[in-house]
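In the two assemblies presented below, chain A is common to both, partnered first by chain B and then by chain C.
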Partner chain A sequence: MLVIFSILASATFLANICIGLTFVSPFQALCSVLGDNHCVDESTRFIVVNYRIPVALAALVSGAALAIGGAAVQAITNNPLASPYTFGISSAAAFGAALLYSLNISLIPSMYAATVNAFLFALMACLGVISLSRARGLTTVGVILAGICISFLFQALLALMEYLAAQDVLQAIVFWMFGSLYKVTNEKLLIVAINTVGSILLLLRCSWKLTAMQLGDEGSQALGVNVRRMRLMVLVVTSLTTAVVVSFFGIIPFVCIAASHIARLLVGEDEKYLLPCSALVGASILSVASVVSKVVQRGAIMPIGIVTSIVGVPVLMHVILTKRGG
Partner chain B sequence: MIVASLACYYALIQPTRQGGGVPPAKRTVIVQDFTGRNVTVKVPVDRIVVLSELDELAAVGGEDALRKLVALNIWRYKQWRPDWWEEWIKHFPWLANLPDTGQVGQNFNPEVVINVKPDVVICWPGQYNQLKESGDLKKLEEAGIRVIAVQLLPITTNITEHLNAVSKTVKILGVLLGKEQRAEELIRFYEEQINKVVTRTMHVEKRPKVLVFITSSLWTAYGMKGYYHVWVTLAGGVNLGDKVVKGFSGDVDPEFVINENPDVIIFTCNNNFPEGQRVVVGYTINSTRPAKEALKGLINRPKWEELQAVKNGRIYLIHHGFCHEKIFQFFALQYLAKWLHPELFKDLNPYANLQEFYSKFMLFPLRGVLAVELNDP
Partner chain C sequence: MNIKVLRVKNLYVGYRRGPVVKNISFTVQRGEVCALIGPNGSGKTTLLRSLAGILRPLSGSILIDERNVNFMRDLATKLVSYLPQNIEGAPRIAALEYVLLGIAISKGLWRVGEEDVDVAYGALAMLGIEDLATKNVNELSSGQRRLVDIAQAIAKKPRILLLDEPTSSLDVKNSLEVLGTIKVLTKMENLITVISMHDLNQVLEFADKCIVLNGGELVAFGGCDEVLTPQLIEMVYGVSAERVNVNGHTRLVILKPKSYEESACSIGNCF
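Here is the complex of A and B:
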């Protein structure tokens, strides 16, 4: 299955490079990468190298990052509808950006102030969830409740920023929240890639513990799993990964849930396979969404968050309708 | 006899109790506004609330009209046009003491309006619909308050429709304020300013390709239903955004920009820039430098140095607040015309025309930097 998903991810990645305003053949794409000016004209090479490949890579690594974030959080909360977004990470990141736009407050003044703000506030949301849920002994319910609380807090703060914003700024906040892979830069790609790969490796190392947590706290503790430490570790890792993606690219909903759900249907609950498969499915979903956002109205780009929502909602409905027991 | 003299006494003395001369006699008229409703109202009105047309009220009615304000959507000015508001209260500090109605759709408070007992509330059709949906309209109407919707920039490139909308709006204000003659003057001035452009661009053959970007988002441009579709077309250009963005605005594919190779790129900016509220154009700005710095940053994108617009230095920034739903929006058309057809409009001086407008119709002189080109001619 891993092989099939790898092929799927590669195929969608390639499609994302080839499909766009103009169709670029895989051969031309390869020539562009190799810098061979004989088999591809300069303008095509330029477009592939400067726009197609960076956006396609962004879709790949962000999709993977969001997906494993979803899969891991679902494992520790035993809830297929949970995701890092339910901890308020997306609202907190949006609040961070809005804080800069509305009130010109940047936590670390720099050219990348919006991104830095978004990231730091996303981390604050995670700290909030961790601290609150610790008070309840880091149980499943505790984590979920803490997540809801922090989520509402940052949604309210975001609304306050929007209220205080001037017209242009309001627009800027809304556009920021829409999500766009076109904000990609080489530095961002590197950071997300390192983060994603690091998270997968870390989570894979304790994959059997994550799988064991499906048995519930008592069951998994009987097997020697320190459930509290696992939850803490997963929260920190997934928060970091998701915060990076959200602060760099905005809010891209549903990939977290849709990817792990599809992967779970096909490979089951064993985290050893579920984690990497989710990552590959997530990468594929986001690549497909990126293609769709380019072709719906050629010449214009539909915000990718809207595309993933349209695709993700039916998947979510499927999860809700087929969910068995608690 | 006593009754008759008492009647005369009241008829003569009562009106003059408010100071000044004998006010014009009131008459009842039926006004058809932009929602298609026929609104019966006694004019000239004495108590007015405006939700966004402060400048238009002043342009038509002068300071007299301003003094008839009993409440105002101050929130919108403070939040969304801070430098305009600064200018207004610099000259009319008492405006700041008026009750604030709040912005329709955000924090509009119908009680504020009802408490001040206005004869009429002036707003846009969009705001009218929001009032209707929220149920606030019913409250206002039950209190006997007339709500009249006016519009100055319908999305149409038909010049007759455009001028009709402006004329109708200004006439409505004129009738409400008892300043019909001034309204006619204003309409004539506006039409003259518009005609300065359209009479020449009507026959223009070569139409430059234009992209109009919103500065608050990297790739968002104005489309088919956006204000700049109107201005670019009337100024003798082709709005490239129309091809791919069917709504008001939307993200364009960066490849589209490279492929289309626009001749002119315009950035629209309101009173402030996202990424920290840097004010680059507006009443309070005295130099073109902040705007030019901003533009340099905005055009710094892969391969943009090869675009016609960048190579020829045809990169511009314009204050968005002056370009829509304002009686001085001819400013937008004139600047765009000058940028799109510099040779054809060598003699056109949009800033001077706007200054003339301000000296004739507004209550304070024009100042500030409102439109900037990256490279000075």
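Here is the complex of A and C:
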């Protein structure tokens, strides 16, 4: 299964490079990467190297980051509907950006002020969830309730910002909230990639313990898992990873939940297979969504945040209906 | 690591509302099966959770070879295998992988080898359920699941085995076979085994020592034959019992509780 998912992710990555407003053949894409000017013209090479490859790589690493976050959070909360987004990270990040656009408040003034604001508020949401759930002993219910509280708080604050904003500012806020991989830069790509690979390795290292956590607190403690420590570690890792993706590329819904569910239906609930498969499915979903966002509207690129649900829902429904969890 | 003795001294364990287990002291030697008995709510599970290192004692001490468990918590989790009374979840993984979980958690992802898989398979075979190895845990019956849970506890190769009502969902034949296997394993491997049980005849058959709890307090501790007297059973459970000899084995016949007869009479159904 891992091999099949790797091939799928590679194929969608290649398709994401080749397909766009103009079609680039895989051979031309290879020539562009190798810097061979005999088989590809300069403008095509420029497009491939500066736009197509960074966006395709961003789709891969962001999709993997969101998916593995979803799978790990579902494991520690024993709740199939939980994801880092449940903890209000997306609404907190959007509120951070909205604060800049409507009131010009920047926590750390810089040329990436909206991104920095979004990241810092996403971190605040993470800290809020962790502090609140610690007060309840880091239980499953405590973590989810804390997440819901923080999520509602930032949703309300975001709604307030939108209500108070002028028409043009409101447009800017809404546009920021639409996830888009075209906000990618080399620095952002590097940070997201390091963050994603680091969190995948860290979570994989604990994969046996994450599998054991599906036995409930008593069952996993009996196997020697320090439940509180695991929950705290996963909360910190997944929240940070998701916060980085959301603050850089905006809100990309559905991947967190859909990828882990598709992977679970196909490979079961052993986390040492589920985590890498979720990452590969997430990478594939976001790559396909990126391709669709380029072709669905002639001459324009649709925000990927809108496309992920449209692409992902039929795939998830198909897998649920044909596999039935057996 | 060979362990000689598990010693509990003046132990108080409980939750926020106060102690559930009060001032308990006992000693179990290696190679002994010790039954933990008492009515529902008498503190058996609380005591086992404390011995397993899940619940921190309010006061008193749990000593493994005279070393306090609180000071060697990580080591204790490797030495002790605990099977809870109820395990909530049933992940969709093969039974063999499930048994392997117990071994793997202490080792880590990249350190699990073929020999660990053999140990896990051996634990299933010991209980006669190797045919379940490839079946998903979430598809097993409650009895099969319990057997796989027991295999998981054994596979960890503990020095101290703590089992909370291991035979609660097993039929008579499987109950006897499992208890027999645990007894043999305890003797062969020189383990210290503490089992919470309700069937007093199974206690007489398989346990060397008995810890009797009532209302969180230790009522009696010692060899099962001496401890399980009709007087003690009447005092702890409120039922009458008689000891009978069946083919040279002492057995207990439990008679109807007085409260049952009184309530039956009160509605006009005296027996």
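We adopt the following convention: the second predicted complex is superposed on the first by the 311 of 326 C-alpha atoms of A that agree within 3 Å, B and C clash if a C-alpha of one lies under 4 Å from a C-alpha of the other, contacts with A are read in each partner's own complex, and residues count from 1 in each chain.
In this section, a contact is a pair of C-beta atoms (placed from the backbone, for glycine too) under 8 Å apart; a residue touches a chain by one contact, two chains touch by 3 or more.
Please read all numbers here as calculations on a predicted model, not as lab measurements.
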| item | value |
| --- | --- |
| Superposition on chain A - do chain B and chain C clash or fit | fit |
| Superposed arrangement, angle subtended at the Cα centre of chain A by chain B and chain C, nearest 10 degrees | 140 |
| Which of chain B and chain C A:S43 touches, first, second, both or neither | first |
| First, second, both or neither for A:A222, with chain B first and chain C second | second |
| A:G268 touches, of chain B and chain C: first, second, both or neither? | second |
| Residue contacts with chain A in the superposition, chain B compared against chain C | B |
| Which superposed partner A:T139 touches (first chain B, second chain C, both, neither) | neither |
| Touched partner set for A:K209, first chain B, second chain C, both or neither | second |
| Which superposed partner A:S180 touches (first chain B, second chain C, both, neither) | first |
| First, second, both or neither for A:A114, with chain B first and chain C second | first |
| Distance in angstrom between the closest Cα atoms of chain C and chain B, superposition on A | 44 |
| Complex contact set, residues of chain A against chain B | 20-22, 43, 46-47, 50-51, 100-101, 104, 106, 113-114, 163-169, 171-172, 175-176, 180, 182-183, 294, 297-303 |
| Interfacial residue positions of chain C with respect to chain A in the complex | 52, 54, 77-78, 82-84, 86-89, 91-93, 97, 101-102, 104-106, 108-109, 112, 136, 152 |
| Chain C-touching residues of chain A, taken from the complex the two chains share | 78, 204-205, 207-209, 211-212, 214-216, 218-219, 221-225, 264, 268-270, 272, 325 |
| Complex contact set, residues of chain B against chain A | 79-80, 82, 106-107, 214-220, 243-246, 250-256, 258-259, 269-277, 302-303, 320 |
